[in-house]
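Here it is, the structure in full.
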Amino acid sequence: MNSTGRLFRVSLYGESHGPAVGIVLDGVPAGILLSAEDFTHDLTRRKPGRSGTTTRIEDDIPIILSGVYQGKTTGAPIHISFENKNVRSADYNSFNEQPRPGHADFTSRVKFSGFNDPRGGGHFSGRLTLCLVAAGVVAKKCIPEITFQSHVTEAGGMTDIESALEDALKKGDSIGGVVECIVSQIPVGIGEPFFDSLESVIAHLAFSIPAVKGIEFGSGFSASRMTGSQHNDAFITREGKTQTNHSGGISGGISNGNDLIVRLAVKPTSSTPQSQNTLNFLSGKMENLQIQGRHDLCIALRVPVVLEAIIAIGLADLCLIHGKSG
Amino acid sequence: MNSTGRLFRVSLYGESHGPAVGIVLDGVPAGILLSAEDFTHDLTRRKPGRSGTTTRIEDDIPIILSGVYQGKTTGAPIHISFENKNVRSADYNSFNEQPRPGHADFTSRVKFSGFNDPRGGGHFSGRLTLCLVAAGVVAKKCIPEITFQSHVTEAGGMTDIESALEDALKKGDSIGGVVECIVSQIPVGIGEPFFDSLESVIAHLAFSIPAVKGIEFGSGFSASRMTGSQHNDAFITREGKTQTNHSGGISGGISNGNDLIVRLAVKPTSSTPQSQNTLNFLSGKMENLQIQGRHDLCIALRVPVVLEAIIAIGLADLCLIHGKSG
Amino acid sequence: MNSTGRLFRVSLYGESHGPAVGIVLDGVPAGILLSAEDFTHDLTRRKPGRSGTTTRIEDDIPIILSGVYQGKTTGAPIHISFENKNVRSADYNSFNEQPRPGHADFTSRVKFSGFNDPRGGGHFSGRLTLCLVAAGVVAKKCIPEITFQSHVTEAGGMTDIESALEDALKKGDSIGGVVECIVSQIPVGIGEPFFDSLESVIAHLAFSIPAVKGIEFGSGFSASRMTGSQHNDAFITREGKTQTNHSGGISGGISNGNDLIVRLAVKPTSSTPQSQNTLNFLSGKMENLQIQGRHDLCIALRVPVVLEAIIAIGLADLCLIHGKSG
Amino acid sequence: MNSTGRLFRVSLYGESHGPAVGIVLDGVPAGILLSAEDFTHDLTRRKPGRSGTTTRIEDDIPIILSGVYQGKTTGAPIHISFENKNVRSADYNSFNEQPRPGHADFTSRVKFSGFNDPRGGGHFSGRLTLCLVAAGVVAKKCIPEITFQSHVTEAGGMTDIESALEDALKKGDSIGGVVECIVSQIPVGIGEPFFDSLESVIAHLAFSIPAVKGIEFGSGFSASRMTGSQHNDAFITREGKTQTNHSGGISGGISNGNDLIVRLAVKPTSSTPQSQNTLNFLSGKMENLQIQGRHDLCIALRVPVVLEAIIAIGLADLCLIHGKSG
């Protein structure tokens, strides 16, 4: 569904080539300072423009349409809208004829019986992550002590990201990457038993970010190759500080006071510049497909701020549930 | 929280050393054949007894207390209960003094202000996965065409699982593993846009399984090291069949008709036979801790049927939402 | 559905003639004293036995199966179960042939395609209100300052209830009634804007009580015959105390500090001793139906404690949401 | 909260004097014809202008900002927005000094610690019912066979509504009323057992309409004065048609195929032209309050289309859950 959260609730809407995308946030505590300027920093981090990213000029100005009075949140729903500008026309019917590999063209058409908006991926466009980032900005204000640090740790299998991008540009092919976020100062006790563990809530939200293929916490997949005596984090203080942090800050689904460590696997941009051989559903034959337009070569580069946002959204909800809002 | 699902709803309860654990299933369609015998196969698969697994005799007999009449589901909530037998007494207060590394002793005590039931991990015990398996049995009956195959692909970093267990026994240390599930025959179109993608729903449930540190779909973390032209799955039939299956059966969060592929990273059992040096919260000093009792050396061995169960639970809910119940 | 609540969550199960009915409560704060004895008072108030009520001996002993340790709630789900005893056999297939007017025989059969448990009304039995009362006992402990007073204000159109019952016995016909609950000491600010107003939450729960045909708050239906200058409650203290209380303690969906006043219309027991002329679905003819067994002549008499319970359930949830648990 | 629904989901936002009010609808099936013109009929019915209603010119033009492509719903969220025009400035701080009796001024200020938007009632304004009516238009399209008829049956205690309004104008005082809606062609089986009965869902939504003090179904409060043999509706056809319709179309919380009958008690407009004696919170003294501006004398007159809307919203959700969308 297009809404999530129990107390801090997020509902989003919009399509890539429609008039606007936006988000309605409900359950935000009253009295928090909030203005359009507060969004600038994170929205800028999400923006294209760096080597290897899309050239679409996204003039992302948040318009606050409700829930703020005299510069502060009122406790009523906050509606933040972004107009879609510079929307280029194109023959999107071709997506029906030859659905793009790696995209949602085929599945969204089947699910919605052909009534989906195909232009630019419609509701499945990466542009919707703009809404997540905006929601994240508000969520961070609901949990003020908690701090976030995130970055791309790997692209195209290399830790030197610049070299990886140069390679990709040379080869004319898109590449994947790994994005990590470290969150500090989470109080002990956040996360609910069983179905709403801290991992569950974050993982749920993380897979709403397009192109994510995996998520791990702390030791993650490397835990599968360790022994218990290597993996267990010995306690060293009564506040729960541990010698190592293989847990990634979570024990039994509940925050343990150590840094939360989350890593995402991001697949290469599906819209690769390379020509692809794939079925033409009309002719019934395999045919070459050349994706038009210019796209991010490494979509992972834009994910760090989105990952921060979804973690903040999850934490805001769980902190409110636990009774620890800022 | 201890309940999940929108139409196929699961609520669980119980503690390791309380009188019973159980599950209430709501939203199960009426008219499905259901008896205690239906649970035997999957409950047996979860049972200990193989080399390296716990020796606690779990006599897991499901008692159906509501929602079934004349052998068929009635549409009313189904309550399935399991008595806890052979519960051994022990001094669980020591968990407060010296919380076990890797367990929820510390976090559950802080979260619940010391009122949590500490015996055998209480509500955080792996015994609760019994409820998940039972719910999975019913869920599978709600989506009859869909088939599941799951197994441990790796233990202690080795693909020869028997050797890995022998090593672990020799070293007297627990080991982690990787569990994979392949699900076939899912119709195209299952999963909801944005927040309730198929990956989101499955990942959410997967992290309710104790000891899971990561999840990946299809190519997963290896996608981060691939190029777009390697990763994209070319369509070869109008039904959506693709040449490769890096997508793991999901595009844009929606099932695409190819096999769903899910892999979990499972950490080594926290209750390793090795002695551990960790803080005694009473004395304020680092002290040796020797976990008593016999525990699974490789908890991953018991996870395949649980992974199947949670995928079935998620699919049952999403299929009902999409209007494709069995 | 058979579950409700956002933070204080209630899931119930069971049928009139099955092995048990029960309830799972999730989200109950840890550290609250709770024992089987705590239920005695309210369960006794719900019991039959007074003139005009059913003679079925209901030996209602609550069994707490989880979520309580050393006499206190743990923060984990609380499962409370009631065994069904003295269940008499009968030919319930007749309900399919000649569905009882005023009962759910017809609708439940259609909704569940004939797979519903028909014995004693199955899941639609008034016996399930036992679960509501039990949930109410726990809910009241979550909001300790708030006090409840409830009673039947009218039966068979008379305020002298004893006379009304005597009349009903003489005529051999069941009668309806009005039940009122006055709740004091609710802090100002409980209830959420728009869809989860205090009235919305209470009304939602009230209509889960069988036989309820209407609900009103404060002035209720009489407000429709008043003028604004008569109806408006003038403020007399800064704490929000008003001169009159036509609001019934709620303004804009939010508690205003004055007594909450709720009234329910309860229809006459559908199982009247009178013979009824209604369709035989098998023969296709109108035929006499004589309901067997002895039933409450005035079901309203058992509603006060149930009304209290559902108000307490709603308030517990809304108080937790607002951050004001006891 | 400001969102509701399980499959047909409604989230609203906005304040009386902010830039816009609006609604995001999620879960609307794809392929339904939808244009701005579809809203005209119901929005006009809600409009003021008749004798006794407010003179604020509400130029209510719905702007569809997402979820519709080539004139049809896409399956993605539908965002409908209404600009607020002709917003007059005023000194709304006086509401803090002397909260208006019958309004949410006092409770919203306490609940939101004084950060609420007080202008024109802010988020608690009756203007928000515009969103309900818009949602109702879409909901009706999701359940096309079902038809609605609604009207004011009583105003100021009289059935001749025109005379009642003339009286009110002469006296210069606002009056209450009763609004009834009759819904035909609901299939048998809509509504969920126990907590989500058809009555529960409708009553929940009905109390989000400002000024509603009571709701009844079928015989309603008059049932409390009837006997069982009078009240029971005898079956006369195998489709469930009954001789009388005291049930109001619902048995055991589930639609029974007869007309659904719902009645609301609507209190007199709180903003009466009469002067009121009420506390000045600043001076601590009882002082006269004269509400400025012109307001509806009988707010009940605008409720019929809103009542239809909320019933349609509830039915759309329950029909989707039951698997019977149009």
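Labels A, B, C and D are assigned to the chains in the order they are written; within every chain, residues are numbered from 1.
The definition used in the following text is that contacts are C-beta pairs under 8 Å (C-beta built on N, C-alpha and C of every residue); 3 or more make two chains touch, one makes a residue touch a chain.
Fair warning: this is a prediction, and the values are worked out from it, not measured in the lab.
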Which of A-B and B-D has more C-beta contact pairs: A-B
Same or different residue numbers at the chain A/chain D copy interface, by half rule: same
Intercentroid distance (Cα basis), chain D paired with chain B, Å: 45
Whole-Å separation of chain centres (CA-atom averages), chain A against chain D: 37
Length of the line joining the C-alpha centres of chain A and chain B, rounded to whole Å: 25
Of all residues in chain D, the ones touching two or more other chains: 1-3, 12, 75-76, 111, 123, 193
In the complex, chain C residues that touch chain A: 6-7, 75-76, 193, 321, 323
Complex contact set, residues of chain A against chain B: 1-4, 10, 12, 99, 101-104, 106-108, 110-111, 123-124, 128, 154-157, 168, 171, 173-178, 188-189, 192-197, 199-201, 203-208, 210, 212-238, 240, 242, 246-248, 251-256, 265-272, 274, 276-279, 281, 284, 286, 300, 322
Chain C-facing residues of chain B, complex: 1-3, 9, 11-15, 18-22, 24, 26-27, 30-31, 65-67, 69, 72-79, 81, 111-113, 115-117, 119, 122-123
